[in-house]
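Paired with subunit B in one complex and with subunit C in the other, subunit A is shared by the two complexes that follow.
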Partner chain A sequence: MSQGLNYEFLIDTFFVALSGISITLLVTVISLIIALPLGFLLAITRINRIPVIQRIAQIYVSFVRGTPIIIQIFIIYSSIPLILKAFFDKYNIQLDIYKINPIWYALIIFSFSTTALLIEVFRSALGTVKKEQLEAAYSVGLTTFQAYRRIIIQQVLVVALPNLCTTTVNLIKATSLGYAMSLPEITLNAKVAANMGYNYVEAYLDIFIIYLILCMAVEYIFKVLEKRLSKYKMANA
Partner chain B sequence: MVSVMEKYFDISYVWTALPSLLPFLQVTLFVSSITILSGTFLGLILTIFKLSHNKLLNKIGNGYTTIIRCTPSIVLLFLVYYGIPKLAEEFNLNLQNINTAIFVIITFTLQFAAIMSEVIRSAYQSIDKGQYEAAVSVGLSPFQAYWRIIFPQALVIALPNFGNGIIAVLQEGALAYTIGFIDIVGKANLMITNNINAHALEIYIALAIIYWALSLLIEKFFGILEKTFSKGKKTLETT
Partner chain C sequence: MLEIKDVHKSFNKNTILKGVNLSIDKGDVVVILGPSGSGKTTLLRCINFLEKADQGHASFGDIKVDLHQAKKKEIHAIRQKVAFVFQNYNLFTNKTALENVTEGLIIGRKIPRDEAIMRGKQALDKVGLSEKYNAYPIELSGGQQQRVGIARAVALNPDIILFDEPTSALDPELVGEVLSVMKAIAKEEGTTMLVVTHEISFAKEVANRVIFMDDGVVVEEGSPHEILVTPKEERTIRFLKRVIPKDYIYQI
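Up next is the complex of A and B:
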């Protein structure tokens, strides 16, 4: 083994790992797009105590928060092929389940866990909006949908932003576990490069830096957003 | 559909897997306990850094927390696992044969310290400054004021976040298997390899049940603790 760091490898691998950033961001953004409305709707069922759904949502949230994400990945990654195989066999669909792009698994898993986390985020944010807001909206003739779209959601978003930021950063970090389903994101790319020359330290330093920049950028964006949205709130107050 | 599922999936296997997994929970809990102790201690030092009037110490404390918050556990784990022996090599120390548990503990201590520094800081700052002044004015020494007046109040506020931190570190610890550490997840993966990948799903479900139960237990425990400690607060108010 060579002494010291291999700087040439450090720089080369940085760009190899960086090439995974598009997959990381793609999975993060699509998971958020799926999870945001779902999480919001389920949060409303929790707030309004809709009998069966709210109970299911409660157990769902408890499960996701109570188990490590890597185990959720293991479970979903090994159960989907079983379910699909049974389904394909029944309907005679000629499709090789082992050729499915791992990105589909990643999207299912990360939207599954993010939705649960967002239910809690929105639930606590909805709790801060006074009931009178909705009643006032009704009294001027808005429908429930309009009231939520024009009155409630804006207020909820401002309150939820800091927690949304945390959830997004955690989601980006969680995508580093995509290696478990051979998803070619940042971590896996660096890992593969490192395996060739046993330059593990260099490879992990690279991804360490990439995640640091990525997450700090996300935190910065959310800070700017928060400033803008709360300004908007002040103007209306 | 059912006939195909039956060949691959046997729910009863979950219950047969549990007894082989549970003994390894000890390993997980042992490593977590050391992590929590050392992480809390390091977190306390970081809090002192963050609250100090020295700008440099402030920067170190806050910078550390930001960096750890932005680093995925698996990246930190591998950096520690490969980085520390390499660093030691420069000083002619050979750490190649060191127990992997040490690396696991170091990694999650670093992580838990960042969590704890925020928990302690926010709890400390939520206590009114007047409490300390009042304590000193009736003749308590600064140490007594902190120990008898500030600490009991801050503890109650910190408890729920402390519990969440413990659950978080326990869950992140599930990744220790990636460096070959045989805790409960490592054992599960060994069992699956021995089975030539059969019944993987059942074993993972068993794992999930164990973690889920553990998290619920910790949550419940901290809920009770919080109640007990807040009770003391109430009697104090009424007297």
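Up next is the complex of A and C:
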């Protein structure tokens, strides 16, 4: 007999799924912390045409952009243990590679793919900051590092923020693929709960709501940030 | 105080500077005149290492450098002595007028914040922008922006200020306010200046030496009277005829 939604399960599972939010956020935040500076530096190599590195960055970007994340996950999740195993065997390290927490794989994959996306975000943002800003900084006695820290990065961030928001939201959603490597984030938690009583609709509804709220919150934070950082652009004459 | 010797610079196959010599004493106001493309701006940029000269030497007081092979440290040391005013102002767009002025003091020169702010306000007062401390560049007119640019240079208390066509990007009615600020700084503060400009009147009234450049070399130099009223070189005469209206009579 067909029934309506199992509300009790819906509510219980909401909290089960919600308990995965810490893993989702952890993977998102750490991936961003790794990818932001790395993407920025590689974007600079692209802008300044630094010979070998910019070419590598270019190939790296098209590699990541040209493949689905789920495939990147499959490749890294299945190949890294083999490489590690060979390495450990060779040097006689007693470590069970199958006991490595999947969060490490998740961090590798998501920082790897986010870095590539951010190279492009920062590359276009860097293009909007005129080189005269750097020259002016030099002329008042700032070093290149100081000029970037005090002048260039602040201007780049304002331009990049809308795209950074998109990248962050996409990253949050992409971490849901972590279930493929048993990462106990929001999606996996809900799916495991659903498996027991086949209450998939309720579980998916929970996930849906959690991601929606999470992404809306992130978008709101970015909006506030953008407003604050770009006050020098909106000033009234 | 500042001596430049034998500066050469080309961009790809385009030779811009073909051995320029220049010597400036403390308190001098030197104006460089010349047709566009003669290398005036490039010379200024080479002095401040915004362009790397292909060849040439400079000495700033006791510092001597090879303009082609200067080390980062030497470049940094010289930029501490030389300030630059840009044609397009180049204010930091994300900083207020006051922050534009104090940035080089606090970050570049490590001057305590309070003192830097005081010096910054004094510099802005000097250029007549006491009301605009907290305005962002986007809120200022071109003339006001350039005055902030001048305040930014003056506040650094440099040995010399390089002006790269400071009024060329301005609407005609705003040129006067910038020139009078420059004049005041030259006369009242005795600041050493090297000015690339097309404003003949500024050269006439403020400079104590005028240099005429053409095609990458110094053609002629002397007092404003010598260059503007009794030029000797054919190229100088031709240039002045072009830029000075016929009925304009010079009186010095």
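Keep this in mind: the second predicted complex is superposed on the first by the 229 of 237 C-alpha atoms of A that agree within 3 Å, B and C clash if a C-alpha of one lies under 4 Å from a C-alpha of the other, contacts with A are read in each partner's own complex, and residues count from 1 in each chain.
In this section, a residue touches a chain if its C-beta (ideal position, glycine included) is under 8 Å from a C-beta of that chain, and two chains touch if they have at least 3 such contacts.
The model shown is predicted, which means the values in this text are computed figures rather than measured ones.
By the document's definition of touching, neither partner reaches A:122: not subunit B, not subunit C. Residue contacts after overlaying the shared chain place A:89 against subunit B, while subunit C stays out of touching range.
Within the superposed three-chain model, A:158 lies in touch with subunit C and out of touch with subunit B [touch as defined at top]. Legend: residue contacts after superposition of the two complexes on their common chain; A:40 is shown touching neither subunit B nor subunit C. Between subunit B and subunit C, B touches the greater number of residues of subunit A.
Look at A:9: by the touch rule set out above, it reaches neither subunit B nor subunit C.
In the superposition on chain A, A:110 makes contact with neither subunit B nor subunit C.
Shared interface residues of subunit A, touching subunit B in one complex and subunit C in the other, do not exist.
Against subunit B, in their complex, subunit A makes its touches with residues 3-4, 62-63, 65-72, 74-75, 78-79, 82-83, 85-87, 89-90, 169, 173-174, 176-177, 179, 187, 200-201, 204-205, 207-208, 211-212, 214-216, 219. Within the complex formed with subunit A, the residues of subunit B that make contact are 1, 4-5, 8-9, 66-67, 69-76, 78-79, 82-83, 86, 89-90, 167, 171-175, 185, 200-201, 204-205, 207-208, 211-212, 214-216. Listing the residues of subunit C that touch subunit A in their complex gives 48-50, 76, 79-80, 82-84, 86, 88, 90-96, 103-104, 107-109, 135-139, 152-153, 156. Those residues of subunit A whose C-beta lies close enough to touch subunit C in the complex are 132-133, 135-143, 146, 150-151, 154-155, 158, 231-233, 235-237.
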